[in-house]
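Just so it is clear, A, B, C and D label the chains in written order, and each chain counts residues from 1 on its own.
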């Protein structure tokens, strides 16, 4: 892209780990259909700021940034060791903060952009009792980290919405591992959020992904 | 205490930091009034398990354990550096998990005990917009860590309530720094929770602490 | 009581229906132990204002008013007829508004008093999925009315707390019909709320009432 | 439409009152663009079932039904008379139940259809403190009725989602009266919900509608 380009090419940038990685093809397809660029990074990218400074140097604009970190792991609140609490929190909440900060820094100068955090049903802690039976089937560390990520998304939405940046939290309720149908639906929901005009933004959406009727492989349900 | 004691002396054990430390005198007073022992530890005690194993060796029983970690710090979701996210999370959520795990391990053999986490209004993230104006006055890292602590308390309540352990989250809404009246009221609420019979437990209580009418010192409000 | 009495006798006034009626003996006992008067009315009292104007004429003060209206009834959102929606709403939310308004009018001149609404788990609608299976076992009308009552309690707390009136919502989670142990525990929780000093009030408390271990009669669980 | 039509024409049916009426043109436009029919009724239609039985007789299918009843009115929890509580509840929650029941009855035989309830920020009662100052500016009756409507939507979603009917609650946060931009955005969000495939449904979405930057007419904000 020549340096004469003033406005730059709009880009979709995905940071993902675990099941979340599966949304990449659908998100790329949606981006290209709108003549937007797409690039995908691991959720635990060492230096998210560098991603955005490179894009800027290449005269590209981060129009939509999606962060889906972490991975559910079983473990009750009692038998989860400190390293697992730490890993869950780092991969979701801390890395979410780092990616979110870098994205907002990149979006602020032009006062526009969409930042979406992929969260989970149990980030709304009241919803937990509905789905989990015995303590050992519960992912206590993942739930706590998800609650932190949701709080982060709300802080960013409140702080930077008035500056033109649309921050949203997508509360996904899906059997694990995700079925082949789940990922494209998550990608489409991200796209719909990005398409909202700035005079009417959603900040939190739940998305209940059902297993296919003809889907017989055994799954854990979170 | 002689080794002939079979049941052991009931103890109140406090782990506290920051403003939470101020509840120690009132909690001690309440404990002694009921012929219970009391001891106080820093919230960031290096080895919480050791505290409980020593109590056990001394034929003392942890009847009520209160954890109040962390300290509110200003900082928007954008300008909070990774170390501050880390410190907030470690001091509240991770250390809360460690103290809670040690307490539950100590309480399980006799199927009784009360474990209280001192949380904050902004752990219920929906409540945040009501209290905070400009992003810079907001404690984003503290809010995320508080949301994680609340999730932890809910996981422990769900998992170990059926085993006789009463886990509760106290959602404190108070101007900072706490006035001299706030701490005794928090201690009394802990005591009231501990006094609930096991056939009717509260798991979450809000506590709105007003500044005194004659209290003119300037305060930040969280 | 002689007309020379200036301050008047403090009174506990209960308005109750259904299972809630069972708290009357325990509440009366607690009132008398503190030299307070007690009177009990049906929740659907035709003219709540008249109750309070008579108390005032008799130089008595409504110190604590408890409202527990309505009664859970099975019925899915589809098969509940308009009359059942109407009855559920009138007995809880509308009558709660009338009793609450009368109580606040009586309490405002002296800027003190406690007003407690007995609510239910399903007033927090997010909690519903946890407890209910098939739609036909669900009390949709009761849930909607309970959600309205909770909103009412929050509106009154916000509006009249600053004027010295403590309004609280007690979110009871108990098998129906209430066991003999449940009612005294609800009464004690009301008493504990009334005992809170005005510099630290709780506005919402959950109370999870377990069936007795030796309690074998079949119960519906809400 | 001839009686030979087997599948029938897909219809969008709106029941609306107050500001909600303004979504009709945009919803009609979206329907026609997809070769769907559209009809609009007052929210307080005397006999919603008759609407759907007529459609059925005309070989038309209610594919998307939107209900937006009631109208915000100022009034604190103290000074709202019984008739106003009654009117708010009837126009939102009771009529919402009647329209919803009729829609579900019509949709069940073919196991498909979308039913959307237009709700409001204050249906999530925790959000109230954020927006309201003095009690007299508050719409207590509208808030309680909105909380009831949200509970109704959740009951219907839980009960009839498994039968193929997508029930959603749209939590609108907009200055009143709605600006000319708000209504089309609400209509588009209804359309997006209707477009979700049944393997990934949203059940609650917030929609924050900002006043236009160049919109200088004075507005109340709810």
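In this section, a contact is a pair of C-beta atoms (placed from the backbone, for glycine too) under 8 Å apart; a residue touches a chain by one contact, two chains touch by 3 or more.
Computed from a predicted structure; not experimentally measured.
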| item | value |
| --- | --- |
| Label of the chain whose CA centroid is most distant from the centroid of chain C | A |
| Numbering shared by both copies at the chain C-chain B contact, with half separating same from different | same |
| Rotational angle, Cα trace of chain A fitted to chain C, multiple of 5° | 180 |
| Mean-CA-position distance for chain D and chain B (Å) | 42 |
| Distance between the centres, which are taken as Cα means, of chain C and chain B, whole angstrom | 29 |
| Whole-Å gap between the CA centroids of chain A and chain B | 31 |
| Where chain B touches two or more other chains, by residue | 126, 129 |
| Interfacial residue positions of chain B with respect to chain A in the complex | 76-78, 80, 82, 85-86, 89, 93-94, 97-98, 100-101, 104-105, 122, 125-126, 128-129, 132, 135, 138, 140, 143-152, 154-156, 158-160 |
| Interfacial residue positions of chain D with respect to chain A in the complex | 161, 181-182, 185-186, 189, 192, 196-210, 212 |
